[in-house]
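Several structures are given next for inspection.
The same subunit A turns up in both complexes below, where it pairs with subunit B and then with subunit C.
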Partner chain A sequence: MRAKSIYLHNVIRKLPSAAILIAFLGFWEWLAHVGFISQQLWSFLVPPSVIVARLFTLFIEGGMIFHISATLYRGLIGFLIGVSVGVVLGLMSGWFRALDEIVMPIFEFFRPLPALALFPLLLLLFGFGDLTKIVAVALQCFFATLIPTFYGVKSVDKLLVDSARILGARRRELFFDVILRAATPHICNGIRISIGVAMIVVTAAEMLIYIVGQYGLGSLISWTEVSRDYPTMLSSIVVVMLLGFFLVWIWLRVENRILFWVRETAAERV
Partner chain B sequence: MSSDASKDVARGVKVSRRKFLGVSTAAAVGGIVAGVIVGAVGGYLAGQSAAPAKTVTATETRTVTTTLAPGAPTTITQTVTSTLTQTRTATVTQPVTTTVTQTAPEARLPKIRIGSVAYTGMVPTQIAYKEGFLKAQGLDAEVVMFASGAAALEGLLGGAVECVDGASYGSWFMSLAKDIPLVAAWTGLVTETSERPDQQVLIRRDHYDAGIRRIADLRGRESEFTIGYVVGTIREITLKFLFEDAGVNWGKVKKVNLRLAETAAAFAGKKIDLAATMPPFSKEAEIKGVGVPIANDHLYLWDKLFKVDFATSNQLLFRKDFVDSYPEAVRRVMRAYMQAFRWMIKNPDGVRRIWKETTGLSDEILSKIPIPPVEEAYPLYQLQVVADLSYEHGIIGKKISLESYAFPDMPRMRPPPQIQPP
Partner chain C sequence: MLPFIRKMLLRYKVATLLIMFAFFLVWEVLAQTRFLNLYIWYFFRPPSTILSELIYEAVSLKLLYNALFSLYRISLGFVVAALIGVPFGLVVGWSRLGNEVFGPLIDLFRPMPHIALYPLLVLILGLGDQSKIFLVTLQCFFIITIGAMYGGRSVDRLLVNQLKVMGAGDKELFLDAVIWGAMPFIFSALRLSIAVSWIALVTSEMIGATEGIGWSILFYEKSSSFAAMFAYIFVISILAGLMLQILLFAERRLLRWHRALAI
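== the complex of A and B ==
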């Protein structure tokens, strides 16, 4: 009974956003049926019903699973590399002052540069294969994780650090039991942002740099755009959106487990 | 919400019916309001992109002269149609020359935004605009530059431009095969000949030095080579025929999407072995010594099909609804382009100046690109043959008829033997 009420309460909280989404999709469908979206003007705005039908076809007959796998493979490897290096370097830079003073200004200088702007250079360095895309994802995820991690370490309450020292904590214990724990919410935040960034960059990289016939959601979007197969193009875009949403949803479940000791208000609970 | 209230929720306090109905109603109302607002904005934007920004009226008098050749039927009824579907018929008998004069009512001329790309073959757009030929036709015109012909086509379909110069007939075929009605209008042919090749296949210098001098030299080694080209253009058609006729398995050659401006850099970085490109980028790669031209895929196809030493790839593309609404505007754009082409022939230095402004390339490269010749007639029937072949070879998914999508007021080239005009 209690669980049912909590579930019902959560459903009610999501009703407004669901209603807006349904209204938007219904309006889009209506535009197509009354002729606002014609075969000529805005022909690429295929109605939602056609997109859904095409999605089914793509999953059953069109090899969509292979495209998803290829994109996930490139995105995941780049994400893991970028996040690992970003977290480690962020922790080290926050912990060692010398590293902070030497390295962080350089990274802050390069941080605003989007990986997409480097595509032509990455293409010439690494070619048309998967490596270029993985490097692009890793670069962007690196910055997306480095900065929150660094500032997470820097923002640890000095009172906690002093208290631990007074209680006899050694340097190693201070780092792992105080600094790292206190910075973990920031690190998790950076990782959550990196998931979205990884999806954006890997899809864009596949769109710009692809081998004809190669699997990948971005490649599929690009090819169907030039061949005017707009239902497949929009279906692929929907899959990218759903994939990103699903990955973030999984991470939030993981994050809740990692951060079980962080008190949250009911308004912040997902 | 206070922490006590949070705890109450956490303990599973029963949700009241009033609260449920209240929130549901608020959600429904919010959704409807949002839908109305989005609909109003969307309708406004749709109206803005469809409606002409400015209307200019003009009067046109057009004279049509028909000369009947010996042996022609003795009686011919010719129908002249004005922009407002007024018709007048004339019955003539041979051998006479008859003149039908018609004064069209005032024509509405909308603002015309022409999408173009920075390739040397698209310089007539710049000439027509900068030298005032479009303005002289009474058109309020603007040129919008895109990164590629494909992007320009997207702009056409999205209403950002009314016309595109720079999308090849391959893109046109693909659009028609997907039931997107785009109408082609003629401008004056940017002809390529064997003396003035436009679309070429280049091979990397080290491969050329190692003895690969022809496409046929790739036989048996297809999977070792990577070719870069702009995917989804006429190159899909021309390269397939070029390679397969040379005995090279086109399916085994690795193909990558390459922006033309990256040709030289991709060669220099050894990221590709072959490139299907065009001036000025082909010339740039040649001058820098990184690429060597070994074939002209487009000329090859036209020679194979029609036994001619020329080929064409370009036309202006309009949305069909625009052509139906403003045929006079399309005629005037065509006239302006034809004037631009004739200006090109007379002013090669002016052409190179505009090339330099548009592409940013050096005089050394641009001076080596010959000025294209002009042709008055549109090769509609020849393109129909290519379209039929494209369908037979699976490049497009549907058989298409180009006659319905070619602007009526265009002289056509003589049809090849394979096809009879309607």
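== the complex of A and C ==
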């Protein structure tokens, strides 16, 4: 009963936003109806009804599933590689002083560099296939998790560490039971940022370089723009945006489970 | 001047500089000797060549030209996003009505990759500066807004009640408590959006531009002058790092009272 009322409350809370969204879409549709958007004028602002119809066609017979899975494959593999390397290296350089002083300066120098700036170089090294995109995503995710993890380890309460020591914790226990636990919110923070960033980078990389016929939502956007197939272009934009939203939404659920002991809910952290 | 130099040396430890130097030295040696005859040394030119190329670009004013265009686009986009996003997010987060009307909408749009909209923006605004500035603004706006929104929402209720008891009006409450309480959130959002805005800018310049750093990287890659390409990659790294440092400086100044993480 209680769960149901919370659910209902959540739905009611979202009604005004939904109303704004629907009003906007309705206005857009009305513009097309009045003739402000037509074959001759603003033809790329395809009205929502056409986009929805095209989405159905694309999902049923247009192979949209293959585009989505290609993008997800590149994004997820890159994300997993980048995040795992970033977390492990971040933890290690927070733990070992030598690593902190030798490796971190180099990473600090390359940290503000957007991975897409390296994209032409990656293209030369890894070719036009999936690997280039995966490496670009991995690089960006690596930095997005490395830095929060590192500072998370560094900012662990000294009192906590000392207390654990006094209570007789060995180095191993100190690392796994105190430092890793205390750094988890920061790691989760980095991972959540990485998901958003991974979607941005994978879309951008696919938009930059594509071979016609290669699957991928970014490529679909780019080559439907070039071939002036605006309904498909807008529907694939909608799919990319919703995909980005759902991936973060799923992660927020996971994060709430992992961080059940943190007072504010996961969504409340930027 | 001398104490300043000493302070800088202490802050950016000498060891750090030495390690950076060692890193580039190893690169230099490997590239000069074409280690194992790997093909990658064709792309990874030695740092000395990159440096001379950088100096050439700087002297011929090409560097300034491209950097100014990129900086103009990114700073305008970023500033506009911050100027709209911070007040909007604060108001939305603070007021109950705003929270209910706009909260879920911002939650919905925040994690989306707005870069996917770039082809559409090009069609609407053209390939010039406007579409790039607007893309940067769009990508940053939701990050900054949601930062300010959660900041405004998470202001200490006890503090607010105390201020009310002491007779603070709505205006004072907002100016003295809400803005300052939200500041750490806003700054962490600004830091994230600097990183994201550079991604957006570089991508948009690579897709279609006739000047700018992103365009230069792609141009020199296509014309196989990889030293110049690396020079521009380092320029981006330095400029983005500089923006981040300026922000961190402002953060340290404004948030002295807050034990902030320097992430």
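Keep in mind that, in the parts below, the second predicted complex is superposed on the first by the 261 of 270 C-alpha atoms of A that agree within 3 Å, B and C clash if a C-alpha of one lies under 4 Å from a C-alpha of the other, contacts with A are read in each partner's own complex, and residues count from 1 in each chain.
Convention: a contact is a pair of C-beta atoms (placed from the backbone, for glycine too) under 8 Å apart; a residue touches a chain by one contact, two chains touch by 3 or more.
Bear in mind the structure is a predicted one, so any value in this text is a computation, not a measurement.
In the superposition on chain A, A:241 contacts subunit C only, with no contact to subunit B. When the two complexes are overlaid on their common chain A, residue A:176 makes contact with neither subunit B nor subunit C. By the touch criterion stated above, A:20 is placed in contact with subunit B and with subunit C alike.
In the superposed model, A:66 makes contact with neither subunit B nor subunit C. Within the superposed three-chain model, A:6 lies in touch with subunit B and out of touch with subunit C [touch as defined at top]. In the superposition on chain A, A:56 makes contact with neither subunit B nor subunit C.
In the superposition on chain A, contact of A:229 is made with subunit B only, not with subunit C. By the document's definition of touching, both partners, subunit B and subunit C, reach A:44.
More subunit A residues lie in contact with C than with the other chain of the pair subunit B and subunit C.
Once the two complexes are laid over each other on the shared chain, residue contacts for A:211 go to subunit B alone; subunit C is not touched.
In the superposition on chain A, the residues of subunit A contacted by subunit B and by subunit C overlap at 16, 18, 20, 44, 120, 123-125, 208, 222, 225, 267.
By the touch criterion given at the top, residues 1-6, 8-9, 12, 15-16, 18-20, 22-24, 26-27, 31, 36, 38-44, 120, 123-125, 127-128, 208-213, 222-223, 225-230, 265-267 of subunit A touch subunit B in their complex. Contact residues on subunit B toward subunit A in their complex (touch as defined above): 1, 3, 6, 9-15, 19-20, 23-24, 26-28, 30-32, 34-35, 38-39, 42-43, 46, 49-50, 150, 154, 157-159, 171, 174-175, 177-181, 226, 231-233, 254-257, 262, 265-266, 268-269, 271-272, 319-321. Subunit A contributes residues 13-14, 16-18, 20-21, 44-45, 101-102, 105-106, 109-121, 123-125, 140, 144, 147-148, 151, 155, 193, 195-197, 199-201, 203-204, 207-208, 217-218, 221-222, 225, 233-234, 236-237, 240-242, 244-245, 247-249, 264, 267-270 to its touches with subunit C in the complex. Residue ranges on subunit C touching subunit A, taken from their complex, read 15-16, 19-20, 23, 40, 43, 100-105, 107-108, 110-120, 122-124, 139, 143, 146-147, 150-151, 153-154, 185, 188-189, 192, 194-196, 198-200, 202-203, 206-207, 213-214, 217-218, 221-222, 226, 229, 232-233, 236-237, 240-241, 243-244, 261-263.
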